[in-house]
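After this come two complexes, each holding chain A, first together with chain B and then together with chain C.
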Partner chain A sequence: MLNKKSLWTMPVSFWHNIGFQVIAIILALAFTSLILVMAGAPPLLAYKNILEGAFSSSTQISNVLVAWVPLLLATTALLVTFTAGLWNIGIEGQITLGAIFTTGMLRLLLGSDLPPGIIILLGFLAGMLGGALWAFLAGALKAFGGVNEIFGGLGLNFVATALTIYLIFGPWKRPGVGSMSGTVPFPPSFMLPTLSGLRISLWAIAIGIGGLAIIYLLIQGTYFGLRLKAVGRNMRSSFLLGIPTTRYMILSFIICGILAGTAGAIQVTGVYGRLIPSISSGYGFLGLMVAMLIAYRAIWVIPVAFFFAALNIGSIRLPIVLQLDSALSGILQGSLVLFVLMMSGIQQRFFNNKGEKHP
Partner chain B sequence: MNVELNAVNKHFGQVHANKDITLTIPSGSIQGILGENGAGKSTLMKILSGYFQADSGSILLNDKQVVIHSPADAIRHGIGMLHQDPLDFPPMKVIDNFLVGGGERHRGGDQHRGGAVNRRGNALFPNYKQIIKEINELAGQFGFAIDPEAYIDAMTVGERQQVEILRLLWLGVQVLILDEPTTGISTAQKKKLFSTLKILAEQGKTVIFVSHKLEDVEVLCDRVAVLRQGELVGISFPPYNTDNLVSQMFGKLITPGSRIVCTRDKPVLELHNVSIEEYRLSIQDVSLQVRAGEVIGLAGMEGSGQPILLRTCAGLVRSVAGKICINNKDLTGKNHHVFKRHGTAYMPASRMEEGLIPGLTLTEHFVLSDDKQHGMFIEWDKAQRNTEKQIQEFNIRGRPSTPVEALSGGNQQRALLALLNEPLSLILMEHPTRGLDIESSIYIWRKLKERCRQGAAILFISSDLEEILHYSDRILVFFAGKVSKPIDAASTTVDQLGQLIGGKGWEAA
Partner chain C sequence: MSTALIIIGLAGVLSAAAPVIFAAIGETLTERAGVINLSVNGTIILSAMAGFAVAVTTGSTLLGFLMGMVVGALVALVIAFGSITLKQSQVAVGFVLALLARDLAYFLGNPYMGSSGPRLSKLPIPYLSEIPIIGPMFFRQDIMTYFSFLLIILSFVWIFKTRPGLMLQGVGERPAAAFVRGANVNRMRYFYTILGGALVGLAGPTFSLSIKAGWKGTISGLDGIGWIALAITIFGGWNPLRAAFGAYLFALLQWLGLVLQPSLPGIPSQVLQVAPFPLMILTLLLVNIGNTEWVERLLAGLPEKTRHFVAKLLRSLRVSPPASLGVPFEQE
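Entry: the complex of A and B
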């Protein structure tokens, strides 16, 4: 199911791999350029605009970082479930539930006298709980109900979206009439402190990197991580080796949910300041793409997530400057993943297993 | 069909798996290919059946040079291979397994030449009636009792093998390759297999029989080629000189050690009136006391219930009645992990599915199996030193960083053995030496006997009667879910045991 390559170590034929990845990137760029030409836009100008949109000023770089942190957390979260051999498609819903729980907690504390730091901390804890709960549901459905985590997660995603809409237009609606623009914004004291004049918070960056560091250590260095890896690769053997496999599977969902919930909490306290209908911003699905692209190797999360975030932010100006849809970044991201997977398939089929043709 | 291999070479990385092998097999003969594990037998056969391409050398069929690109291509050339593990589709019917191979596109056997193509229907609308008739005709020729409508997963390994042979013949195969076909099948099925192969040879088909079992090769084959370390070291004709074949296989003569008894008085496993109900089989009212250091062999045809009893003793299958005690502790109804904590170890037959974890290294396996966890973080240096020690101790050909799937079968079995915790009270094993050569088998049993001296009792399943008689202290014979009283191994002969396994002489016992 998962790529058989080791998750955490560098491949032996490092340069060989790099060569194939470069070819994949070139192919993805060529493919995207072809689409641009077909749409009647000059490709080079489009790429130049994306780069400028992402890096031309400190404001823009800070915006990239704003998108990077939740993507970083989502990808990190997915590394845990991928290690356990699980396709946690439900991560979108887990981010959403994190945001909902954070919003709910902050609403409860609106009139309280607690210091802002404590309020934000409680908001984050609630978010983690929400994400963990939603992930636990997906895990329990799989472990006890025999529902494949892909289908369970997909279903729970829809429920999470519906719940958001219900809350925004129902119990949590703005005074008067509910609106797609979300719930009433929280006061600035409920938000993570940002750098002056910019939207990015150093706290958010610290949480993102801290989360990755913890998961890296967990999987690379601990008994827990090794057992998780074992469960992901062969559940039957793991059970016979004495690992409580069901417990480990559900724990991996819960850890993933905690990180996803944290991403949701950051979306509320660090980005939007309220609950909006698409609060997860698709970072869960984007995280799945990043995880596949880096073949589940933790060290690559930081740069690749940053690159994807830059594409997202950089393409925002495309509609204004070139009358192109900003979905172009999605085409580039998607084709990049497909070509990289294709090249690694080609590499394995024709170069690693010389002459062997296993069915 | 005459098969000729000319100076065939094959490398896998550093390993030279086939060195300049030249071999001619005339049609109508049964050619034995003999060699220990890793001698290059399977590689050579996989080249002939299109799984691998040779690095150099050529293949001639009836003096015509051919290039075989894939297994499907091999079938078109009339070469079919019966693999050690049947490559069929268990949840499907026999007839569907026939159709999956695209049989309607192939010519039938010689007698069907011409009209067969149309009569079988086409790829979209196969003619079921006609195909069932053909299957029944073929099965009748060899006296196989195969129902085309039966589901594969309800069959024994022996029956699945028969289905596969029929399927290949139905596809019009003229050269039949069999890779270790006698492992895991009953004596009666083996007899039937051998008579079938002799009929096929009389029909002018070429049979290639790959094995490491001397006795099988000696009774069956018209000619024997011995491979050692990738080289063809000798070709012999009957009557065979066994010592000569053995020394060709190993480069030296090997004999198993003498019988050692290390039974003590302390009981480690007690079954009181245990009954087990499983799909298709029930075992009633088994009582047994196993003492420390004792070895009990479980004999019987495949599908007679041995694995179910073994798994019950491991807590993997729950009994419906009776009591199971390990070290005087009642563990009835507890799960495998509780049994494990009380010193029970279970080693299944399928090593890569139920024992080792593909993708993880030897070191990682040793860390996982260590029940004494030291803190939260793994000390990799220490783990690696420990692994190196185990590798030396158990003579595993591999490094701490070797992923287990890269080890050969014998080395995987040694690794599994090395992974067993210490101390143990009870070791439960399915086919401890299946697929291993004599040298590895003797090594495995030496290690197991050491465990017995330390006080562990062993229950093991084997289809090798010699192994059961040689290493067991007592034997339980299984027949269709019935379990015999324990029989003393030292005073039993192969013939007596064989009769019991076949269901004869039960009233007396």
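Entry: the complex of A and C
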């Protein structure tokens, strides 16, 4: 074997890292349990319900996968902007615009005789364009207008939401009167084919994993990725070294937008079958959390996004079974990220150890 | 619309701006010291819920407001510890807390959904409230609106006219120089982060005990206001007077959206309510664009007179953040 190094001979810092992260997980669980006790609920029963809600049947596992794919795409998208040292909070709006463009394209093609495969493909391409356009706006505002990407992005998120609602109640409203339930559902032939009896489509899973693979290769295996990393590490010296930093910054936004738009297209063609008011389902912000938790390492996207998706799906039943709000999943996710950040800081500060680097 | 209705509307604008002023000025103080508290949106929602819950349980609005401030200060303490002591990214810690605090509010606020609680009453000031037009607009408000007027003046004087205020500016602009002159940079950053957080925490109960009285969970209509407050801090150029102006502008636009609703039947109400957001991007663009290189290059090509005029206009709008904003202070 090439790699003879066993776990026991790993450097001390490796065990240090693991140790600190285990402590962070324990602290997050303790914090969430404390909150549950404050709400008068037995913590173990709540956790058991979340697990059952996520994994007790093949229907439930497929629902977790349905949430996992867009979250996977959103996190992957963010790896690109994080690599360039950018905080793309506007990703929610980019997912939404992807969904809007997909819906628009599918509506255009409602009466056409094109084969369903082509129609869905055109829908996805439109979604990518929508996401890329919205991301480009955030990037252009930053590069040419001096508007911090966090605030430009946040503003664009709200505009995207307003646009969705305008379309649902205005030009795209259901016959008669518009309602919060969204636009008229598309015929089944416009949807990604799902596994029989389940809601998950193998196509969606393939697109999600394919997207991650492409981005991983792009960042780790190309000259573009190398230079993008340089821009993220130190914008000024990259510029002095002759890297066109503005172009790289905007490109990273556009790539991120394409993936976010794909997530929006999947929300329309693989999940809801129409445009609804909160079509992005918060996966953009959740993706930011996943990206922070895994310290921007691509290999960890798959399992951690799956875990977060499972928490979201598992907690849906909490209001029915235990009369608890489903925001519990957000508390567990948020405290997990917070304690991991804190423990990584404690490790760096008090143990003189490099730990994980968070930009 | 009659004059009387307009006056009532404008009085409403002044009180609706109060919580945004608390949040934006709190954030201004924090950022002046060089720390970004990105959790504002979550802090406002959590303090609104906690303040309401305490007020319902005890029947005292005063305790509700105190609770809101304690919540805001605690969240800010976590940010200060994470970013100043542990030197983690302020944006990362703040963003996580923005989401975490919001979810805590929705989860823990569940039992208080829709319950009726105490509410601040109007407190007309004798004599002053009788002045025509000005009286009903400014002097028939509740105590928090009066406090918002006071806070604008106090914070402005504090930052620009007092010795500690000058120190504060120094800590945000040139922490190393301030340190040499005897300022304990990190202790001051802790202080202003917590003070600013407590002010942000005052915004929540101002909603739940006055402007949008009650707690309705996710449909309380508070999600998003904190992000606006952060944008107004920038728009305000880290100056309380300008930030207050931004807050009034925002409240005015929201009111106009409601008033104009009946005359624009094609546009759903949800769209008009977000009308301030594109305007926010536009204003951020206006106040920042003077800082960019290409504008300077473009200006250089203009004829002398036009260039002077445009440059002057842009300079009057332009804002630049405290130089050390977001940068941890390393004591050599």
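Keep in mind that, in the parts below, the second predicted complex is superposed on the first by the 340 of 359 C-alpha atoms of A that agree within 3 Å, B and C clash if a C-alpha of one lies under 4 Å from a C-alpha of the other, contacts with A are read in each partner's own complex, and residues count from 1 in each chain.
Everything below uses one rule, namely that contacts are C-beta pairs under 8 Å (C-beta built on N, C-alpha and C of every residue); 3 or more make two chains touch, one makes a residue touch a chain.
This one's a predicted model, so the numbers in the text were calculated from it and none came from an experiment.
Chemist: Could you let me know whether more residues of chain A are touched by chain B or by chain C?
Modeler: Counting residues of chain A touched by each partner, the higher count goes to C.
Chemist: Between chain B (first) and chain C (second), which, if any, makes contact with A:V147: first, second, both or neither?
Modeler: The second partner, chain C, only.
Chemist: Answer with first, second, both or neither: which of chain B and chain C does A:S344 touch in the superposed model?
Modeler: After superposition on chain A, A:S344 lies in contact with chain C alone.
Chemist: Does chain B (first) or chain C (second) touch A:L324, or do both, or does neither?
Modeler: In the superposition, A:L324 contacts chain C only.
Chemist: In the overlaid three-chain picture, which partner chain does A:L156 touch, first (chain B) or second (chain C), both, or neither?
Modeler: Only chain C is touched by A:L156; chain B is not.
Chemist: For A:G334, using the defined touch cut-off, is the partner it touches chain B, chain C, both, or neither? Pick first, second, both or neither.
Modeler: Second partner only, chain C.
Chemist: Indicate the residue numbers of chain A shared between its chain B interface and its chain C interface, in ascending order.
Modeler: On chain A, no residue contacts both chain B in one structure and chain C in the other.
Chemist: What residues of chain B sit close enough to touch chain A in their complex?
Modeler: For this pair, the touching residues of chain B are 12, 51-53, 55, 70, 336-337, 340, 346, 348, 352-360, 364-365, 367-369, 371, 373, 376-378, 419.
Chemist: Can you tell me which positions in chain A touch chain C when the two form their complex?
Modeler: 35, 38-39, 87, 89, 141, 144-148, 150-152, 154-156, 158-159, 161-162, 165-166, 169-170, 178, 285, 288-289, 292, 323-325, 327-328, 330-331, 334-335, 337-338, 341-342, 344-346, 348-349, 358-359
Chemist: Under the definition above, what is the set of chain C residues touching chain A in their complex?
Modeler: 38, 78, 81-82, 85-89, 91-93, 95-97, 99-100, 102-104, 106-111, 217, 224, 227, 230-231, 234, 266-268, 270-271, 274, 277-278, 280-281, 284-285, 288-289, 291-292, 294
Chemist: Any idea which chain A residues touch chain B in the complex?
Modeler: Touching chain B from chain A are residues 4, 6, 221-224, 226-227, 229-230, 233-234, 236-244, 354-357.
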